[in-house]
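Listed after this line are the structures, all set down as structure tokens.
Both of the next two complexes hold subunit A, though its partner changes from subunit B to subunit C.
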Partner chain A sequence: MPTRTILVLCAAVLVAAMAGAPFVLNEGFLRLATECLLLLTMAQMWNLLAGYAGLVSLGHQVFVAFGAYSLFMTAGWLELTPIWVLPVAPLVSAIVAAVIAVPLFRLREAYFSIAMWVFAEIIGALTMKSSFAGGTAGLPLATSKLIDFDWFEPIMFWLAAALTLGTIGALYRLMISSFGLGLMSVRDNDLAAMSVGVDVRHNRFVAFVLSAAGCGLAGALNFMGNLYIAPLAAFDVNWSVYMMFIVIIGGIGTLEGPILGVIIFFGLREIMTGPLGLSGGWYLVGLGVLAVVVMMLFPRGIWPVLRDRIGVRLLDVHRTPPCPAAAMALNELSGRTPG
Partner chain B sequence: MIWVETLINGALLGGLYGLLGIGLALVFGVMRVVNIAHGEFMVLSAFFAVLLAAMFPSVPPLLMLIPVIAVSFVVGWAYQAVIVNRVIKSPDPLAPLLLTFGVSVILRNVMVEIFGADVRSLQVGELSRASLEIAGLSIGIMPLLTLVLAALLFMVLQLILRRTEFGRIVRATADRADIVRLSGVKPDRIYNYVMGLSLALGAIGGVLLAVRSSFTPFSGAERLLIAFEVIVLGGLGSFWGALLGGIALGMAQLIGLKIDPNAGLLYAHLLFFCMLLIRPSGLVSSKA
Partner chain C sequence: MEPLLRVSGLCKRFGAIVVADDVEFELARGECLGVIGPNGAGKSSLLNLIVGLVTADHGSIVLDGVEISDLPPHRRARMGVGRAFQIPQPFTHLSVYENALVAASYGAGLRGAAASDWSMDVLRRTGLEGKAEKLAGALPLIDRKRLEFAKALASKPRLILLDEIAAGLTEPEVERLVAIIGTVKADHAIIWIEHIPHALRAVSDRILVLNFGRKVLEGPPAEVMDSAVVREIYMGLKADGVA
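The block that comes next holds the complex of A and B.
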């Protein structure tokens, strides 16, 4: 069976499973599943930036917060059911990303990472001071009375599931397109990529804006589920910590890695805070230790190791390079020279 | 007059900020690694000082700096030898960044769990309240001592790096870690000492900042951002630039606090961001 057919079949099964899940799972499980899916989307978005565009952002919480705040405020002004206002969230986050990219893209590597963090701190501090955004107290969802609460949890789950499947599908398409190839070539060697005509800046810019938009939408959905937003929760640096750990543990620069990472992330959380009865702080310590150990033993994450061991390729966008001309010439040469 | 006093106090605070930045700059200069856990190590040394001060109440708290510096050096040495050296040779420039970020998250949460999230500070008694009256301006003795100490440390560090054999080896390693091997230098060992030195400098900054203001296990991020802003503002590789950057940030923070009492570090961050737009190369762009 060709890979394409398998993928389409898998997608169909997944869509059916997601559609039916709310009728089978109880409310607690459904909420957990929604949380998993939203965090998976954010991790994929962070991975798009770090794993494919080579930009590590330690301030991605700012896009989560922009998405969520724009949803809460627009829903209040327009007095609409929050679901219809959702498109505003990725739009606002994308615009912010496009503007902030101008100064930030002058910086490379660690400078970009920390400048992003400083930007998030500035916006967080300004939000806490602005009365129209609710200040330190935060905002309730103004139009929550328009929500049909019988269907609220299932709808949230379906939205999260659609977002996640859509994100992974779109990323897969993106990575097998010429844009994706350009992006990966920039990550691997930006000098070589530029020399064959890849527009490095443009590729990075598009990845940054897309990543911000996805995080904005996922953040808006997350806080819509809570019906309440507070700046300390929205601008929490732990958003970036979670995204990073999921990607690092699962496998940076792969589409399957974050899926594996999210399973480990929530599995560890349920075990450590449930049966073991440990606090959230110790859970983060455990997760951090796991991430550090993975980074030292398998710098590319767990998934690539697992993939090579069991030989399974799921959403593989890997290409084998053709034998380089220089190597061929060398082979020929060494064949001809005696001895 | 009140503004002049604010500016002077800002400059004094800036000396301390310069000290925060210099440890980070040293590691970055030698091994091209931004140690994201630098702030958490500073907070850890402050906790250690508070703990020691509680155990030996008869000893002046500032004398605790000596054991804290020694322990920080050893911790830094071990941190580099056990963890950072393993990823430093990775072809991926992001690996050390991600690793040190992971370490910072671990340290922060271990501190929260062990010491609790309460606000603490290191009490030095009379010294923290003493002040000088010069031409109608009241200037704290403690901040003044801090600035003098910072300037002294800068000079000593400059001398070590310029004049001693260790300094020459460190500079050579920073330039070409692969070539120094030919002269029998093991770059990994040099990195261990440099990280030890960096955390020892960070410990001085961390303890003095704990005397000046309060701290919690979450203060590490703030400390790191300040340290980072200091070295970017000061221009990379310039020690005196770092002092200048620190003073600019200290002044921005105190002026900001005068205008808006609960601004925190907002104005320091804003100054950094504006400078990034105007002069990405820093205030002093020398390659010292």
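The block that comes next holds the complex of A and C.
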């Protein structure tokens, strides 16, 4: 299949570019690239839940925080290099998601969104009161002395790049599988989906847990890069707001949308705070205005419009029918169908 | 012969509104049961109870000897209950082919080439083959009605529930749809809600009349359509001719 070859080539070029980037880019730019990649991963995870399972979460910061705190605390207890403790982050976030899914899945639509937010706020408040988690002051990365500082930024970048490419690759594979077809049917119409045998609740549960795990890992990497975690930063609702912004302006329910969204998100930030010299507050105003304009003009985001205009499909997850001639021949071989 | 579907003592009320009041009937494979009744008589609710979107207060629904009234909708769909909604419910951002493929993969439990070939087979039977690659959201009404039927059929049901599938179509379109339904009748049991008498007569073996959630009559189409009870319900005429 030629599209497959193109995809493999693109992936190879991307991997090579990511591998070489730290030798070309300066440290500041590398940090920005790492930040972009981690937020892209989180946005893809939010999209998996909102765009494919129809659950809009305003509390995804709780998974970012659980992932990051579990990394900091486990690395501290076991006195290990944080990198080896990374697998704990997605695991803890996934377990938390699996547990809270039981009460939260009884709620629908806005009630679910608000309950997620409230849950995140409660955990945030509890964390600030917990001395073992550092309280309001937060925690330093206890074993940061074990990190090789010459290679710290490149390693962080490579980890973020691997996570992002891995996430997009895995989501692509998921979406072309029959489970992905089920997810997309739920995205379009959950009533119709359950009427043709799709277990909507199970699909939502799997998407919720996967989404939490991905956010946990991305969150752990983000705070590992800072070498420090504080509850106000970890449980910041802006994590969810940014994910939502990126997905909605890029194109909800598409794999390409969040990529476009993250480019716009950081492009706008760098232009407004850099060349234009505006303060961070103005940048948030700019983001808000852009989001409203995009939602009014292109309710499904920029990518679907762009795709139809230029006729390009990058990560095409559509299934094409079998060739009619071949199907016809097969039918004749297997004898006439009844009716 | 053991019927494919046996509904007995089915009751459901929402507060003061009774949508099913001790409904019972049986249906065999190859049989089509037409359901008529005024608006609000509980016709669509009866289908919702059978597919599991609404759970009954009392009563039993037995499909091929298995009690299904406690199962969630997706389990009932996998066991062979297919439904075409009154208002078409397509997967709008998926192609027509993918719409059928969802039903073939989940409802019928098919995989790989078996799923894609069966989906195409269903599209061919429902006259949607030429539009397989179109987005379902872009289809005109007749094709959305066909797709509703195609999705139900692609899940390899034993029982097909049709909810006003011919409503809103032009006369020639109704005829084409009736012809398509006729082709699958022999292998399936069908329950068909419709307000178009001649379409219903053409396919139904029996007609069941619902009013206020209660079964008021069941019998051969001609007999039911000419009965005094039906005329009373539909035209407000008392059986003795006094309005």
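Rule of thumb we're sticking to: the second predicted complex is superposed on the first by the 316 of 339 C-alpha atoms of A that agree within 3 Å, B and C clash if a C-alpha of one lies under 4 Å from a C-alpha of the other, contacts with A are read in each partner's own complex, and residues count from 1 in each chain.
We take it that contacts are C-beta pairs under 8 Å (C-beta built on N, C-alpha and C of every residue); 3 or more make two chains touch, one makes a residue touch a chain.
A quick note: this is a predicted structure, and the numbers were derived from the prediction, not measured.
Trainee: Now for A:S279: first (subunit B), second (subunit C), both, or neither, which partner does it touch?
Mentor: first
Trainee: Using the touch definition from the top, say if A:H60 reaches subunit B (first), subunit C (second), both or neither.
Mentor: neither
Trainee: Touching A:R269 in the superposition: subunit B (first), subunit C (second), both, neither?
Mentor: neither
Trainee: Kindly classify A:V196 by the partners it touches after superposition: subunit B alone (first), subunit C alone (second), both, or neither?
Mentor: In the superposition, A:V196 contacts subunit C only.
Trainee: Identify the partner contact of A:R204: answer first if only subunit B is touched, second if only subunit C is, both if each is, neither if none is.
Mentor: Touch partners of A:R204: none, neither subunit B nor subunit C.
Trainee: A:F119 contacts which: subunit B (first), subunit C (second), both, neither?
Mentor: The first partner, subunit B, only.
Trainee: First (subunit B), second (subunit C), both or neither: which does A:L181 touch?
Mentor: The answer is second: A:L181 touches subunit C but not subunit B.
Trainee: Let me check the overlay on chain A: which residues of subunit A are in contact with subunit B and also with subunit C?
Mentor: Looking at subunit A, the two contact sets are disjoint.
Trainee: Note which residues of subunit A are touching subunit C in the complex, please.
Mentor: Contacts found on subunit A: 178, 181-182, 184-185, 187-189, 191-201, 253, 318-322, 324, 327, 330-331, 337-339.
Trainee: Considering the complex alone, what residue numbers of subunit C touch subunit A?
Mentor: Against subunit A, subunit C makes touches at 51, 53, 72-74, 77-78, 82-83, 85, 89-95, 97-98, 101-103, 105-109, 111, 113, 115-117, 119-121, 123, 125, 129, 132-133, 151-152, 154-155, 183-184, 186-187.
Trainee: Within the complex, which stretch of subunit A touches subunit B?
Mentor: Result: residues 50, 54, 56, 58, 103, 106-107, 109-111, 113-115, 117-119, 121-122, 125-126, 129, 237, 241, 244-245, 248, 279, 281-282, 284-285, 287-289, 291-292, 295-296, 299 of subunit A touch subunit B.
Trainee: Can you check the complex and tell me which residues of subunit B touch subunit A?
Mentor: On the subunit B side, the touching residues are 28, 34, 36, 83, 86-87, 90, 92-95, 97-99, 101-103, 105-106, 109-110, 112-113, 221, 224-225, 228-229, 232, 260, 263-266, 269-270, 272-273, 276-277, 280.
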